[in-house]
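Beneath this line is the structure, given in structure tokens, with notes to follow.
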């Protein structure tokens, strides 16, 4: 394969991995604090719709981004209410949120724009444009490194750079701040955190809201950067792939980056090639679509190291009286 | 606590031990975290005697009960009526233990001995629900079980004697009576009983103790585990002390002093080890 | 049930009239949706034109999944709608199942094929229209590489691709044609993300004009082509206005005319097969103020000449579906 | 002590949850500028106002009975089988293979074989997640979600490839032979002199659905296996104490659950479509979650909740035809039911318990 083809596939990998990465880090915060979240998909979808709708109405992508984050935070708040305050089943709450978002976005979109559950296509200023990094054009002619810099590293929307910056930031928050220490502790042993006089409820709500914020970015990226508007069910299972990536990464930030890049790469390949000829076998596109899930099951089966979730995950914390 | 001491003078005749029922040799358990919980325990119990196992909670007595009850895997040898028990294979489970004549009143009756949401009658066959006598093919004979439970509750003075109430609706003592009734009415050769009176009201304590003694007098072997030293001393014929997964020593009940047992429980060897 | 109705009786007036909507035409849009800016939207426009001109009313629904097709047909037939117009080849099989149960109702399939006495089949000569826009693509291309992005990989879409490729080769026998299909399921009609990625891929391979015959997926193709500064060609509806000055032309497939005509004919509609070709203006290319600057006089002359020759039978454009093969393009 | 009477738990709480969901749905309808009363009226008329409407309502209800029972059985063992969708898809494959590749002299024999085929394929799809949960402790929710996607990709591949008949354009199998077509309610009721719509797809599978409800009731409350499943669901340590193998119960329960989900295919694939199409399940596997929660995992409750959701589904489809309310309204209602009866159960329960406690104190 030529360098330019490889670069294009990698470029596409970066674009497609970005929403997965943001959602995966979102899930990481929530689950590290002991709140399972299978509602990533729904939050992303709601954010995608509201960011596109507000961007379309106001013409400002930044207002759109804000609206997307607010929508995602609202659903996060609902999840927190169910999972933390009312100590309900976190999984069921996540399922409900996914359906709520799937239904409401279309319902509202239809009533608002009357375009069969879409938003109008966004014009230039209502979208995140591509950022050309300094020197990209000048360096383009440099062999190998030039194209890599100009094609692969430069020329993405701001949210892509934000997403990648979130990885070290997440690592730093989790492992280098007191908040991060407590957050991890509350996911492993909430009793101990409680005994230390720290509010389990407040910690868990913060985690859930950070999750909402990141899902909001992911959704807004889909609708206002990757695409120019919202279409029905545009997340297309990305929330679940992010969840799979989270397991794949064993709830660690840097590994989340690698896992989402891998899954983004698989998507990029599946988008370009209907059938992938590997010489010996021809892999149908469906196999590539299913590959992230199959890999996750393999990981779960423990054939490639065991994925152990945070110990207190999924259990509502009931204070001993 | 003063009143309790008075109550603990259990009326009983000297034991007349028969043939060995349970023989335990070199039993070892390593928990999932890699910590050795039982470090080569050996003991035996004969028909018609109560062996009390004294010890501070967390020194391996729970693991011993769970291994003998079929809830935990172990290595070593255990013989029941001379026949070896499966400690780590497919038959290391509660059903096989019951078939071998072992009954078990678990320490944590609310989490293990009972299903708190099941009605008393459903709990009255818990663990014995595969008994062909209470089933027709795959179906359970619920009305027969209900009648049987009702009668059993009368005999064991469970209050209120309503078999349709869920287990969680009963007081601690009455819950324990439901468990005890279930475990001893079938006449097991060996009864494992852990913390028989924890969280049980005074009236029920006396009743439960009488039942244990009556079972002994009927020629059954009993392994009693309790953190209440008084209870151990009042009910046992022989007392073994466990510390850090090892048997520190064993004394006849009539020779035992609380001080000596207390030292052994703290890990101090008194030189009288059996 | 009766209690419920009594209880709710007061508000029932509008509901009752809805159920009694007799002999109104009905329109069933295929997966991809009514606002795909392309195939289904053309049908919608036709129906709206009929509505505006006649003041009549029509029933409509949009397919959400494969499994709903039969129910939608039956529901409209039960409600007395006539004719029932459907878009997309996938309705063939459900119509074949349902139509015999309602012999007095006329069913119309656009792009499908059902041989029954109460079914009207409307087809188009998409290969001819595609041939014309293929010529334009070849003339507009500077890199001598043009692209084609299809929706679901079915013979019908290959028919588009093959006609297009023949048009390209007619102008420039050395031109390279890159053809991709979005997918193998109906989801391929509505996957703008994938459309966008395929566009980038084709641009990477040198394409500077890309023809999208992919329903809603094409929206992503046209968007990305405009973003990346190359030309695109729309399909079915006139899509020139989506990105003025950046869409070379659109291959018109007058689904709107077809829908308008059958609705106008109403219950008098006759069964049988009707093929709307170049001569009938069933297919063609779009020229308006949005692409006027892109279409040179030379281009227009050449294409119009070819159009006349095709109608006259002097140029034969090979139809992929006639023998499931294409002489100038391999898939 | 019981904090409130059993009837309150079984009847009152679901009703209040449903009411909350209905009120919020009504507000949503108001918000998009439609009249909720009119909408409800349309739904009632469309779903229950004719035998045609009933035919569709019962057809959907049959789907939801199977998927609802599937989720309910797993719930009894405290397993959350979110994979009903994938299991039902595979069930469809089972039915398709049985109907297409074996010769059948009569529909009754084909139905028996298809039911077995559907159950086996559905159960097989639940096997891996069950084993992983039992042996490896991998969370069954995650694995069943993954298996839903894998099932979708697998069927996608089959339907555009190996199973698509020659010359077919859309991704589906060939039509099943005439002999495998199931009698519809129209055919079944005609001998009794009841005129039932010929067009509606409700068929004999509805009766099998009811039978499945009864059998699941027997299984859960009358058999040793059911006793063990429930015991395991209430307390795993207690189950181990009683000699109930957690591994065995997890696997068996999931096999039953997957089998039930798979059996849905005799209704939608064999009874209605008479061929296997893409996405034949239409989300019924997920609606099973709402149905099981609403029905308190009791087969009779599942039956009622399935009818309710059948009504919502058919009524919602009617709404989409006659008003500008999209069909997605059903998804919103479904989400709200899951939210209130599942995740926010305590929000309804805690105040209600307080009321009952207060009433009891006053009464005492």
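A, B, C and D are the chain letters, set down in written order, and residue numbers restart from 1 in every chain.
By our rule, a contact is a pair of C-beta atoms (placed from the backbone, for glycine too) under 8 Å apart; a residue touches a chain by one contact, two chains touch by 3 or more.
Computed from a prediction, not measured in an experiment: that's the story for all the values here.
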Pair of chains joined by the greatest number of C-beta pairs in contact: A-D
Chain whose Cα centroid lies at the greatest distance from that of subunit C: B
Chain centre separation in whole Å, for subunit B relative to subunit A (CA means): 53
Interchain centroid distance [CA atoms averaged], subunit A/subunit D, Å: 30
Approximate Å spacing (C-alpha centroids) for the pair subunit B, subunit D: 45
Euclidean distance of C-alpha centroids - subunit B vs subunit C, Å: 79
Residues of subunit A engaged with two or more neighbouring chains: 117
Residues of subunit B whose C-beta touches two or more other chains: none
Multi-chain contact sites of subunit C, meaning residues that touch two or more partners: 184
Interchain contacts (touch definition) - all pairs: A-C, A-D, B-D, C-D
Touching residues (chain side subunit A, partner subunit D) in the complex: 36, 38, 78, 81-83, 86-93, 95-100, 102-104, 106-108, 110-111, 114, 117, 237, 240, 243-244, 247, 284, 286-287, 289-290, 293-294, 296-297, 300-302, 306-307, 309, 314
Residue ranges of subunit D in contact with subunit C within the complex: 35, 37-38, 40-42, 44-45, 48, 52, 56, 156, 159-160, 169-172, 175, 197-199, 201, 268, 272-275, 277-282, 317-318, 320-322, 327
Partner subunit D, residues of subunit C touching it in the complex: 1, 4-5, 8, 11-12, 14-16, 18-19, 59, 61, 64-68, 70-71, 74-79, 89-90, 92-93, 97, 101, 154-156, 184-186
Subunit A contact footprint on subunit C (complex, rising order): 33-35, 62, 153, 180-181, 183-184, 190, 192-194, 196-198, 200-201, 204-205, 216, 219-220, 223, 242
Touching residues (chain side subunit A, partner subunit C) in the complex: 4-5, 8, 11-12, 16, 115-118, 121, 226-228, 231-232, 234, 236, 268, 271-272, 274, 285
